[in-house]
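We just call them A, B and C in the order they show up, numbering each chain from 1.
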Amino acid sequence: MKSYRDVLTINYPGRRGFVNITPEVNRALRESGIKEGLVLVNAMHITASVFINDDERGLHHDYERWLEKLAPPHAPVEQYRHNDTGEDNADAHMKRQIMGREVVVAVTNGRLDFGPWEQIFYGEFDGNRPKRILIKIIGGSKRFV
Amino acid sequence: MKSYRDVLTINYPGRRGFVNITPEVNRALRESGIKEGLVLVNAMHITASVFINDDERGLHHDYERWLEKLAPPHAPVEQYRHNDTGEDNADAHMKRQIMGREVVVAVTNGRLDFGPWEQIFYGEFDGNRPKRILIKIIGGSKRFV
Amino acid sequence: MKSYRDVLTINYPGRRGFVNITPEVNRALRESGIKEGLVLVNAMHITASVFINDDERGLHHDYERWLEKLAPPHAPVEQYRHNDTGEDNADAHMKRQIMGREVVVAVTNGRLDFGPWEQIFYGEFDGNRPKRILIKIIGGSKRFV
């Protein structure tokens, strides 16, 4: 069994946004030499997500509006208690739960085993500071094992 | 380390619905000969989900109504931008985020290591066409490794 | 390849609540002797979650209120059909989908490969009875493999 680890750092210029990190995951997979196995990609911070969906600008706009509705920046009745601590990001912790912390992707014949439209995104919900994404790959170096 | 790959194709007759795919995952696991490891089961399409919950018809009805409320087919104010592209499935991309893309299940002594009610479902949110589900299993062929 | 399995049992005194299970996962990882690999931690019951977020009491209060709003105990129009079966926990099956069934965490140099605030929680949405959490670890026993 082999394993490989890499960390990406993203300093998103703005509070919220989505970044396609598929090229970086592909690069890490090539460097790993792993041909059959699993890739874990996860946000290392708890107000951010890693998820798989479409690389379509309109959809990302829709996600932004939808998440603002499902997890608004201000609580409907009283202030979020988390924000009593001096934070202002309770909503970011909620958005991250809807979009997810991590993805696990199969590696087959040395490639991400993806359907036609699958792309890996980093979702930032409390940006303007450097945050990290972990890529961990485990598996075997033979094509068929 | 061994690995095994299989792909299921489902052409769901209708826009939305849930299909219990546990028997197919069990079959793949038997064919793999893997006794200890992990199974990844994921939708290969981005308007569909794989998730684990109860095989109870009333609950599936409730999920359907609940998802229509949380991610309605038409945006509350203006049209979804994704649908400006000619698509009509922005809501399906949202429902998929709530229900999830994938599950990872432990394999112990050659079986899915499940609690009493766990069943694996395919969730279709934009059906009436063939879509694929990936089953990837990695692990060892000895009972205790 | 090595594998390790452990099961935690939690009997949460109350309908809903969050329990930090990171110490138990760390203990299992030490016992496993695995240095490089993946840990899967999942609820074995379908009205409970395992997720990673902040160990902050105010945030947990906010999650509780937020989940009650997104997945209320009583359906807005008619009763949940799942509850026609004699159950009263349809909302718990919904809350579990938002918060997720499982987490997959990288193991690096024998430790959970975590960012600064990541902690693993059990989320109970239908408590007052014993429920189980599965910890499955696969990987290698060498530090760099």
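Keep this in mind: a residue touches a chain if its C-beta (ideal position, glycine included) is under 8 Å from a C-beta of that chain, and two chains touch if they have at least 3 such contacts.
Computed from a predicted structure; not experimentally measured.
Although chain A and chain C carry the same sequence, what matters here is overlap: shared residue numbers make up under half of all numbers found at their interface.
To overlay chain A on chain B by their CA atoms, one rotates by 120 degrees, a value rounded to a multiple of 5.
Rounded to whole angstrom, the centroid-to-centroid distance between chain A and chain C, based on C-alpha atoms, equals 19 Å. Shown for chain C are the residues that touch two or more other chains, namely 1, 38, 70, 98, 100, 104, 138.
Chain C meets chain B in the complex at residues 1-3, 5, 38, 40, 42-46, 70-71, 75-76, 80-85, 90, 93-94, 96-98, 100-102, 104, 132, 134, 136, 138. Contact residues on chain C toward chain A in their complex (touch as defined above): 1, 36-38, 51-54, 56-59, 61-63, 65-66, 69-70, 98-100, 103-106, 108, 113-118, 138-140, 145.
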